[in-house]
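Below is one structure; the comments refer to it alone.
The first chain written gets the first letter, and so on, giving A, B, C, D, E and F; residue counts start at 1 in each chain.
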């Protein structure tokens, strides 16, 4: 599959209300539930990008900066940041909005990797991503560094070959 | 509260994947689960319009035209169509998308009514709705006929006073 | 299928307790959960009437008159009100009971339509309904008006042909 | 509380459909889900008998004679069989019905004990039970033997004092 | 299958936190949810003992001695106590732990019976159990008395033949 | 809090069966559900280490190497690998076992960070971790590199100060 797609074409918006059944004993959104929502939003974005069934290959990072209170309106926005051979990095931004003013505050950021597969579970090539906005471009660039780091940590890349990442440490 | 708001300001998008735990024994999305998603999307739209806590006053209609298969990506788009004293009519459009082509097909339409309340459960006035697109205007007009019909059926309005609705039958 | 059945033969009773996981942030039964229960009770009644697999064709109306508090005992009573060619209208009455006195209060009424289908999803004819009590007869009559109205609103019936409904407006 | 109540006054009917999300990997109703439904039905019957908040004191027995297939209509019928000082034995009969013929088959029987409590969790006296039908009388009698057995097994009653039960072994 | 296995080889540990969605209206762990966890832990222990698919044959007893509060850490420990022809008795001990001291308190004990089956649902012979600790031996012995009692109550064994059980009443 | 604790004292074991309601449309364990289980096991381990209420601060990494099939027995083993001022890194190993042979295969590894808090949500100091086994020591050392990396990526540490991590790139 040689085609290319704009990053924004994969965008998935998922809005939720935090019901009592979604909370932890502190009365905030239970982390496990948020992770479930993130995985659904992320896999929809990946599926929209490649037009194939996808499976979760890794959760690369999820930050939990502020607790999300019961009854909050939570918006998850997932978008493919960069595609590699058969995998796609997806970034999911999580926002909470103030009901009265409508102002949104970002409270989580998740980075996940999905792989496109065929009926037998064999990975399939996916379209390249074309970033357009400043944010999309910055995330596109950072995705390569994250991938190199991930390959180093799993022993599949030698640190010396991680040129992008190495430049962080050696100027 | 005398302010007015554009219909589109209340828009809520909620995207889901139909997992096995969401299906009925025919392998399609279970109606009760779809209704749950509709109520969440609808109440978020109403809450965004009025900036208040809202409660569901009525489900006026939900059509189920085509079954939604397991593994489908389902998008719910909810928007306030018209506001009355303390109540808001919300229309929720439900789409299924073809994974390969990305083409969306509408498969359900739901109409619900929400009421804004204060801490004691007393209804509160809500902002008026300003429709902009052709669709928003058509739905804004139809909302009045639906309301008159609802008031007639519940015995709170005399058929003779339902001028909008009556014109359907007497030309 | 030419047989006829009494309306009461389809009756389905479903009793629930409102647990914390069923509530909204106001501490009352979450509307989406109630709708899920209504759809289960309604489809059982329809299935009992026709002895076939059924699918939800429409939710025609659900009223939410009083909030149902956490820990309430909720009883749903569903019964087929009238059958048409391949569809059945089901009315679901929802009651809450006072634990100490046992007195029941009606708090919701839902009207839904189900269609009997075969293995290929093709609609099948269903038995006629014989109403017996005064309430069953009143609901049987009203079901025709609701059906005419529904057909008019969806453009499948001309207002002039909706004789039952028209009589509401023209005496 | 010195009053007495008929066993049938506590009757609770709870009807369910076995959805895919309720099944085990064999495609039958998952035992844990059935137990959840049994506990809800049983506690409603106990609460109806005593007009108080109740807590589960023990599950005395649940038999699983035949597997319940996905898509089955399951009816649980719970009724208080006998009351002791502050506790009530409830029997829950579980039936599956043949969709075409409507014929019901009993597939589970559960026996549970509930205790009425006040706000501090202190047990409260409950009304006596008056059995009327043959089945109610047989269950009322057997409840005493079960209670004696339970007290023996937990070391709170000497076998010699369990006159009802002893007669099973010594004629 | 003639092999034997140590009781401890079947041990299954399942740890949970009581989230708000797991509670009853008193703010304690809902009995139905605990029963669901017990059935999962019990069937894993049985499956580990026999290396086969198992189905729940009976819940013989579950005691609820102390309520388990929201936010508690709950540990379920399930282990096969004795095997008969094709069935296994499993005992599940439920503990709550004090977060600060780490001290565990036993709050429930459940006894359940599972049967190993093949693809057609036919019961299969299971390995014998070898008890090692004092507790395992005591439970192994008691399992026989419980089985005899169960067979008597269901009419499949004459009281006179229940030698183990009879000795409780006649010295 | 100046005390120290062995890493193994925090160990939490959580065993699950993959039921149909836990699967994705490929018939494998749904990623979001696994993440929910991981967060529960991880937070229990952290809570056992510090004896305090904890909140999830970050999911640092979750790998999904092999799909987990429906009906699998899944064991999660969570243990604190290292503690910093107020935070704890927890590693959760996820295993699937072959029912017949009992042999376990590791299929996921998750790394998460939890923070101990008081009633006002203020972070509290936690005990140090004493690693004992080779694996515990290796994970203890790696935890520091991961923390430095995390601080660099979030801009809170200069690459030059990340001595542990830098040595990966510059020999």
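As a working rule, contacts are C-beta pairs under 8 Å (C-beta built on N, C-alpha and C of every residue); 3 or more make two chains touch, one makes a residue touch a chain.
The structure displayed is predicted, hence computed values, not measured ones.
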Contacts shared by chain E with chain F include exactly A, D
What chain lies farthest away from chain B once each centre is taken as the mean of the Cα atoms?
-> E
Measuring between mean CA coordinates, which chain is farthest from chain C?
-> F
Roughly how far is chain C from chain E, going centre to centre by Cα mean, in whole Å?
-> 43
So, what's the distance in Å between the C-alpha centres of chain F and chain A?
-> 20
Cα centre of chain C to Cα centre of chain F, whole Å, reads 49
Indicate the residues of chain A shared as contacts by at least two other chains.
-> 17, 20-21, 25, 30, 40, 43, 53, 71
If you go through all the chains, which pairs of them touch?
-> A-B, A-C, A-E, A-F, B-C, B-D, B-F, C-D, C-E, D-E, D-F, E-F
Chain F partner, complex, touching residues on chain E are 9, 12-17, 40-41, 43-44, 47-48, 51-53, 71, 73, 97, 99-102
Chain A contact footprint on chain C (complex, rising order) | 20-25, 27, 30
Which chain E residues qualify as touching chain D in the complex?
-> 25-26, 28, 30-33, 35-40, 43, 53, 55-64, 67, 110, 121, 149, 152, 159-160, 162, 165-166, 168-170
Okay, in this complex, where on chain B does chain F touch?
-> 17-21, 70-71
